[in-house]
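Structures incoming, each one as structure tokens.
Both complexes shown next keep chain A, but they swap its partner, so chain B is in the first and chain C is in the second.
What follows is the complex of A and B.
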């Protein structure tokens, strides 16, 4: 079931993404003030939304893992956590490119930039703990992901609470219809790709867990 | 009520130990003084706007380091004497253990922040603006220290258990507490500038503190004590 799900999601993303790129560059009007560089907005913003969603999924799954000792939740938390790294890296690469063209500097140390970078760092630490930590660090890593997800509201409200160089959260509503339609058209393949990647990693992690259980059962039959 | 009584008893015990040996406080205060001396030498030539912009960073940077030092020491003492495991198996509510550690940790961090503030006031005349609204300043320091320790105590206690002690607290703690420090930094800058909304910024720090404290109480037991499932030991590839 999971295999079919991720296959479909990744196929949809592979077919849809080139269409989205064509629509962004050929069918959407060029923004008057920023010019062609504004096109990065159609990839940067969906990527940031996906990063925040993946962080929330990872955090909630980690909390469920801690409270119920659920192996499925553990696998989902790790899968979503790794996807936060990928999407976070894309956000932190596309943001400064856009910032350099519009603000004249790639990094202004505004609250949204800093909190996004921190979310990325938290999930770097989470993945490091999961991959390099000793046995027993799973719970510690889960706690880290659960707390790390609390950074998402900070990112969202950073532009409302503090004066920042980032546009406010209601900017999407003020866009001309042609632009916000393209934004959601570009969001679909990116979201499908992200969901597909989470599903693939979840599938692999579950397989690893089952392999671990088999290994333990074989090496110590009394424990099974 | 029982939990609160246990928390206060455990905190009293920790504070008594601390008063007798001054282990955590002496180390943290010594670090505080060294950092102050470095700030004095390094930023002594700064004046005006540049110095006002640097003061919040000086304060919260030292609080961050002192906090991690204090938390490490607080749990290291338990680990050295193998009393933390004893505490976990004792007929005491686990949240009371967390509450006591968080309370003692907050006291130590607040004490160090107070020394740091006094030192900054002594070294840099521009820091006097911080003391124009002493109640707000006190609320800010206590709120931010509580938020910092709320997160730190969970992970420091998890690291105090045998299997995870090799993992550095800093790797976990600094990225997680950075949003707290960010809120505290903005509030401190507002206090220095005499901003009309300074009280709102301090309120935000307290909101973060309450949020983190709630989350910490929610996950503490699960992070520190594994739920037995019979299959918790995993093969590490």
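What follows is the complex of A and C.
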């Protein structure tokens, strides 16, 4: 079932993504103030939304793992956590490129930039602890993921609470229809790709967990 | 074989006055200003394209590297599975 799900999601993303790129560059007007460089917006913003969603999924799954000792939740938490790193890296690299063109500087120590970097670093620590840590560090890693998810509301409200250089969350509502329609058109393949990658990673992690159990049962038949 | 050149230009009007209208509003300063604005716009567009190429290139590279990492994990998983099934068939 999961295999069919990720196959469909990744196929949808592969077909839709070139259409989204064509729409962004050929059918969407150039923004008056920022010029052509504003086209980065159509992939930077969906990536940021997907990063925050993946962080929430990872944090909630980690909390379920802590409460119920669920191995499925553990696999989902790790899968979504790794995708937070991928999307977070994309956001933290495309944002400064866009900032360099429009603000004249790539990094302004803005509240949203700093809170996003913090989320990325927390999930770096989570994935490193989860993949390189000694046996028994799973619960510590899960706590870290749950803590990381708490940073998502901070990222969202950073531009509302503090005075920042970064555009506010209301900017999407002020766009002309031709631009926000393109934004959501570009969101679909990115969301499908991100969901597909989470599903693949979850599938691989579950298979590795089952394989580990089989190796353990084989080496120590009395424990099974 | 010889060629004959035929002049098709109209002769100048009598009295030494030509019939051309003088160019109005195209002084050298205006032309230079226009060129400067065009050059600035061209530089901005070129800079924007460079930034876009970097941003999209990074997006594709990061996602491709992660897909390659997943592929390597799947290959390792299959190898482990094969070794486990080989061990099971031997015993």
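The rule is short, and it goes like this: the second predicted complex is superposed on the first by the 224 of 224 C-alpha atoms of A that agree within 3 Å, B and C clash if a C-alpha of one lies under 4 Å from a C-alpha of the other, contacts with A are read in each partner's own complex, and residues count from 1 in each chain.
By our rule, contacts are C-beta pairs under 8 Å (C-beta built on N, C-alpha and C of every residue); 3 or more make two chains touch, one makes a residue touch a chain.
As the structure is a prediction and not an experimental result, all values here were calculated from the model.
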{"item": "Which of chain B and chain C A:46 touches, first, second, both or neither", "value": "neither"}
{"item": "Which superposed partner A:215 touches (first chain B, second chain C, both, neither)", "value": "both"}
{"item": "Partner chain(s) touched by A:207 [first = chain B, second = chain C, both, neither]", "value": "second"}
{"item": "Which superposed partner A:81 touches (first chain B, second chain C, both, neither)", "value": "neither"}
{"item": "Of chain C and chain B, partner touching more chain A residues", "value": "B"}
{"item": "First (chain B), second (chain C), both or neither touched by A:35", "value": "second"}
{"item": "Which of chain B and chain C A:196 touches, first, second, both or neither", "value": "neither"}
{"item": "First (chain B), second (chain C), both or neither touched by A:89", "value": "second"}
{"item": "Chain B/chain C common contact set on chain A", "value": "208, 215"}
{"item": "Chain A residues touching chain B - in the complex, by the definition given at the top", "value": "63, 66-69, 71, 111, 114-115, 118, 121-122, 124-125, 128-129, 133-140, 142-144, 146-148, 150-151, 154, 161-162, 208-209, 212-213, 215-216, 223"}
{"item": "Chain A-facing residues of chain B, complex", "value": "151, 154-155, 158-159, 161, 163-164, 166-167, 171-172, 175-176, 178-179, 182, 186, 204, 211-212, 215, 218-219, 222-224, 226-227, 229-237"}
{"item": "Parts of chain A lying in touch with chain C, wherever the complex brings them together", "value": "35-37, 39-40, 43-44, 47, 82, 86, 89-90, 93-94, 97-98, 100-101, 193, 197, 200-201, 204, 207-208, 211, 214-215, 218"}
{"item": "Of chain C, residues touching chain A in the complex", "value": "44-45, 47-49, 51-52, 54-56, 58-59, 62-63, 66-67, 70, 73-74, 77, 80-81, 84, 87-88"}
